[in-house]
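Chain lettering (A, B, C and D) follows the sequence in which the chains are written, and residue indices restart at 1 in each chain.
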Amino acid sequence: MKSSLIRGTLPTRTVALVASAALLALTACSAGSSTSPGSSPGGDQSLSVGLVAEPASLDFTTTDGAAIPQALLGNVYESLVKQDESGKIVPSLAKSWTVSPDRKTYTFDLVDNAKFSNDKPFTAADAVFSINRVKSAWTVSLKSAMDVVQEAKALSPTQLQVTLTKPSNGWLFRMTTRIGAMFSETGVSALATTPVGTGPFTFAKWNRGDSIVFERNENYWGTKPFFNQITLKYFKDPTALNNALLTGTINVIGTVQAPEALSQFTGNDKYQVIEGTTNGEVLLSFNNALPIFSDIRTRQGIRQAIDHRALLDTCFAGRGKLIGSMVPPTDPWSEDLTNVAPYDLAKAKSLLQASGAAGKTLRLRLPTLPYAISCGQVVKSQLEQAGLKVVIDQQEFPAQWLTTVFKNADYDLSIIAHVEPRDLGAVFNAKYYTRYDDPTLQQYLAAADAGDEAAQIDNMKKAARRISEQAAGDWLFLLPNLIVADKNLKGLPQNAITENFDLTRLARS
Amino acid sequence: MIIRLIERTAVLLVSLVVSSVLVFAFMAVLPGDPARVALGVNASDEAVAELRRQFGLGRPLPTQYFDWLGGLLRGDFGTSYVSKAEIGPQVFDRFQVTLWLVLAGMVIALVVAAPAGTVMAARHRKVSGLALSAISQLGVAVPAFLAGILLIMLFAVKLGWLPANGWTPPAQDPGMFVRQLILPALSLGLVQGAVLTRYVRSAVLDVLREDYLRTARAKGLRPFPALWRHGIRNAAVPVVTVLGLQLATLLIGAVVVERVFVIPGLGSLLLDGVSNRDLLLVQDVVMVLVVAVLVVNFLVDLLYVALDPRLRVGSR
Amino acid sequence: MSVVADVNVRTSDVLTVRGLTVTVRDKTLVSDVDLSVGPGERVGLIGESGSGKSLTALSVLGLLPEDVTASGSVRLTGVDHELIGADERRMSRVRGRRLAMVFQEPMTALNPTMRIGDQIAEAMLIHGTRPGRGAARAAAVELLERVQLPPDTLRAYPHQLSGGQRQRVVLALALANDPALLICDEPTTALDVTVQALVLDLIVKGVVARAAALLFITHDLAVVATVCERVLVMYGGRVVESGPVGEVFTRPRHRYTEGLLAASDLETTQRRLTTIPGNVPPAGQFPSGCVFRTRCRHATEVCATTPPWTGSETTGFACHHPAEAVDD
Amino acid sequence: MRRLNPSLVAGGLIVGLIVVMALVSFVWTPYDATLVDPVNRLAQPSWDHWFGTDKFGRDVLSQIMVGSRTTLFVGVVAVGVAAVIGVPLGILAAMARRWPAEIIMRTNDLLLAFPALLLAIMFGAVFGASTMTAMIAIGIASVPSFARVIRSGALQVMRTEYVLAARAAGRQPFPIAIRHVLPNVTSLITVQASVSFAIAVLAEAALSFLGYGTPPPTPSWGRMLQESQEFLFSAPRLAIFPGVAIAIAVLGFNLLGDGLRDRFDPKLEDRR
């Protein structure tokens, strides 16, 4: 899988997305059992959720960016399987599934009462259509996750069989993401403006530049959501977002952008503050193809020159978690690797001296994202104390940064949050902007994808330790899942580990 | 008068054509392939090529220019590379929003500036005039977004009288529309009003020195009626110029206030367009802004003629 | 000067000014001026620029610039209150009704954005001397006719008229309410010589027709000779000599008047033109005592004291060394 | 005789103070303005840090001092660009024949259609956001007002007798422009420069707020204000110091402009 690991296409989006993903986790158990569409306890209550990055389009099959699945996935579109709060893959539109002994054939039993918002019933034929369409019509690079599929066919209206070319743990996991979204054959004509899905909400209205409105799907096949109407309201300015909650314009800040301002809410019993983890690793990336980084002592020196605790305190108000590799604590193979390269200024200086990097000038090309700009200034200061010279160069995000740093790898150092789930392999790759070419790592990753669950966990642990010990980059911290909401609101996720912001479990007590 | 009208119209048309070339040329030199940016970095080369073909990005620039211009003239703003949505309706909606905001701001500015400037001029040696002068100097020195932030802190967060931000179209909920409009319009209006006050003051001071005002007083008009009947129209000429310029500047200048108050206006659309490299959208928005300014200037010119009969004869 | 003033107060005078003093901040621009204008009388006020003649006129009208203050007494016939210090409400009833003024600069005296007819009609409507707009407009046509302007001038804007035409409009406007006193401040100075005579003629005809008094301010002795019956000579903010035009111009007593006459070619063309030595000091910087002494060839030590007024209010002078009173 | 002009004195003092502050900051600031010191972050004002520290532990006073350089730099370059283009344009338009003059002034009017903010955003998109692009954009946007003011001044000079005499004597236009016109419009240039300076300072603040202004780590009052937003409730002083600094600077340049205008044009003495 070579999926893009960068979340977001707008300045604030990178951070924004993180939070959204978190919400999905809680949804797990809601799927499935209830078949009768009873009345919803929420009646005609409505809710307004403040988010930071408005989608540029509603079509995630051709438009990159985290904001679209954040809003639509799980809420308007559903997939066959989804992740529960603990990261386990659980049923959604597929009631159950079996895997063949060679781990190449998956047979899904589908629910029989799901309907698209265009009134067409959901059948195995739609599933086949959706899976094949990823290969044929999608243009975003994420579609490569479906390359491993050899064939998808409908055994019956409620039974789907998917055959892979080789065993892949990654495939089923990716089916929980946007890649796995189920479309109606007759509902893909205007994806950019009119999404059609089977989800508990239907798309009602998009006031561009302002908000997206969802309404409860009264024909939903599963448990109907509490709220009759939910508005996703988009804010570019973090302070405006906070003010909107303070003055009652919105009920939830889906993702806090200004952690320093959190004190306004923590002391106030009108609000609840949720703090958990996300998949968003804030990476200080090295351009490993450059000669200066070919010496591991340079990379190691940089890692040890950074006082991660002080950095986190300074640029993210101490919220967030320190990590030592590209693995969030919610992944099954998570290990504490923060001690692989502890802060040690003297050691860092001598390493940089030894490698000859001391005194050299490095370009730190930062995307114009608030956390990157903030952390960049701390990184510059800390690296300069260790004997490097650092020049900060702002690159407008997304357009300029994506071209200069991401595509052309014209940079020495950069900072960005990689918010895709399970993105270690994709980020540390010779073709990626990190230009990290390491056959040993690739071996571990291949073994993890092909092996059984124990082998997967074991090999992923090795991979995580490998990049940490090799200092393929420096993990500054893990973005926190920070949500502030009205006190009486329930169903908010502790950790944000999926691509979407789950609105379906929200309720008022 | 007719000659003047024809001349002005000709100038307007030439300006429109020249600026459309400028805007198009400027956008053409923007670095980055719009198709690739629209599709994201991970897009395949085929997909990029397809999009380029779809939007005709490979054609010679003059062809692209004339197609674009022709579209604009027909009211067809084209389709966004990024959102695949029609640009026209978006620009129209956003323009309306900004227009509401700017007009409300200008009304406040005028309501503040006209009396304040007049009093400052009439009492320019007295304490009240000097005090007003000092206040207006301070008003001019405060950035509009800072004024907005302070207004929010006070009236929305601390006192809770008005919403901190947001926008509701007037047709949807007129009450909410007004409540949400007050603070942003105030932050634009007070700052612009302070600027305008100084022009009103100077215009009124000029008029107060005019002989015809003395003639009016000699006729038996008391000072204020004399100023009202004989001064306002004359003082209005320079003030209208400034007003026109302010209106033009504010269409884009409001973007800062739009940001603070989360208002989906034209300026915000432009900023989004720029960061998404939604090239055609940016091009359209810039063009709309430029056309608006040119048309406002044109109208100001006509207004001069209405205000000052001396301009009605001959060309100048 | 006030010593003499009380001797000869003509109670029937249209305008009576007593002890008028005009100051700006600490500077005195006009001091202790007495003057009267009888019914139907045409009085000239002459002097160089800076002599205070315009300020005197503006004090009477109560239209001094801000910062400039007047003290003393100004009474107008038919007005039961003192004009100096009267509030705007009362003054506005006098101005344009009992008392009208024609200013020096016709080019700027009219509102460029208002039609001529409206500006003239307004003068009558303000004071309610005509019953309504229609009557006021009709009256305006008649007034324009009197100043020899065609009726379609009503619809014109000021910029469409020449300077002479505009000054006639101002005159029509001033005479609209048949004022008791018309003050003209250098009304022809800005005009071409060819139209000066016409305008002067119209002014005289206008006041004569209404039996109005005229206070005519000018620096042009020839004009005074044509228009006025009596003349006051001002210098340095003071009236230095007054008397019937014929007398003052032929037998000046004050040395300044003498110099002024000598410098103009009014009297005789045989004599070589002489000039008054030195320059007029800036406003407010005239010497104490006799204001003319710094430029006067006849000045002595005694001139450092203010010269007393000699003669009656209507005919007299203030000089320590007057020119000989030549008897014919 | 001439009264002391309070606007000129106050404006001069404020501007002088800012210039001195900027000069001093080259040789001395209480702390390194860009030094990150996490231990002392968000310190209250104290003897050690008179204005306290920001979220990076940087000394706010030092940043304000160094930031004044950015402010002056922005103003000088923006006004410089505007004057270098606008003054010759204005003089040219005053001296040219009717049609060329008309074309110059119409082009000039066309430029009015591109306000500073629009130009800066467009330039920022092409060349990347930086102090320099912002300043040039602000400068170009200030050209029309310069050209207009200078043109009307130059027109007056062209009508004076000495210029008429020079022209009658057959002097070439260029020497006339240099010898007669330019010296006589310097007062207008000075006045317009200080007014444009104030506008440039405000524009830089607005651009920084939108993220199109001075990039970090160079201290800039506009960006300090923008960064202080999330501390509006917890540490409002972080907004107050740069906010007040901007307001005072703008006030200073405006007062200076007014004062200069009064001084150069006694007819307008009453204006403030």
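Heads up, the rule we're going with is that a contact is a pair of C-beta atoms (placed from the backbone, for glycine too) under 8 Å apart; a residue touches a chain by one contact, two chains touch by 3 or more.
Since we're looking at a predicted model, the values are computed, not measured.
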item	value
Partner chains shared by chain C and chain D (touch criterion as defined above)	B
Most distant chain from chain B, judged by the mean position of its C-alpha atoms	C
Most centrally placed chain - per-chain CA mean versus overall CA mean	B
Chain centre separation in whole Å, for chain D relative to chain A (CA means)	45
Inter-centroid spacing, chain C versus chain B (mean Cα positions, whole Å)	53
Centroid spacing, where centroids are CA-atom means, of chain B and chain D in whole angstrom	22
Centre-to-centre distance between chain C and chain A (centres being mean Cα positions), rounded to whole Å	91
Chain C, residues touching no fewer than two other chains	none
Multi-chain contact sites of chain A, meaning residues that touch two or more partners	11, 237, 239, 396, 400
Shared interface positions of chain D, touching two or more other chains	124-125, 229, 232
Complete list of chain pairs which touch one another	A-B, A-D, B-C, B-D
Residues of chain A defined as touching chain D within the complex	11, 237-239, 242, 258-261, 263-264, 307, 310-311, 313-315, 317, 368, 373-374, 376-378, 380-382, 392, 394-396, 400
Interfacial residue positions of chain C with respect to chain B in the complex	61, 63, 66-67, 88-89, 92-97, 100-101, 103, 105, 108-114, 122-123, 126-127, 157, 159-160, 170, 173-174
Residues on chain A engaged by chain B in the complex (per definition of touch)	3-4, 6, 9-11, 54, 56-57, 59, 62-65, 139-142, 192-193, 207-210, 233, 235-237, 239-240, 243-244, 246-249, 396-400, 402-403, 406-407
Residues of chain D that touch chain A when the two form their complex	34-36, 38-39, 41, 55-57, 124-125, 128-130, 211, 215-217, 229-234
Residue ranges of chain B in contact with chain D within the complex	11, 14-15, 18-19, 26, 29-31, 124-125, 130, 133, 137-138, 140-146, 149, 153, 201-202, 205, 245, 248-249, 252-253, 255-256, 259, 267, 270-271, 274, 282, 286, 289-290, 293-294, 297
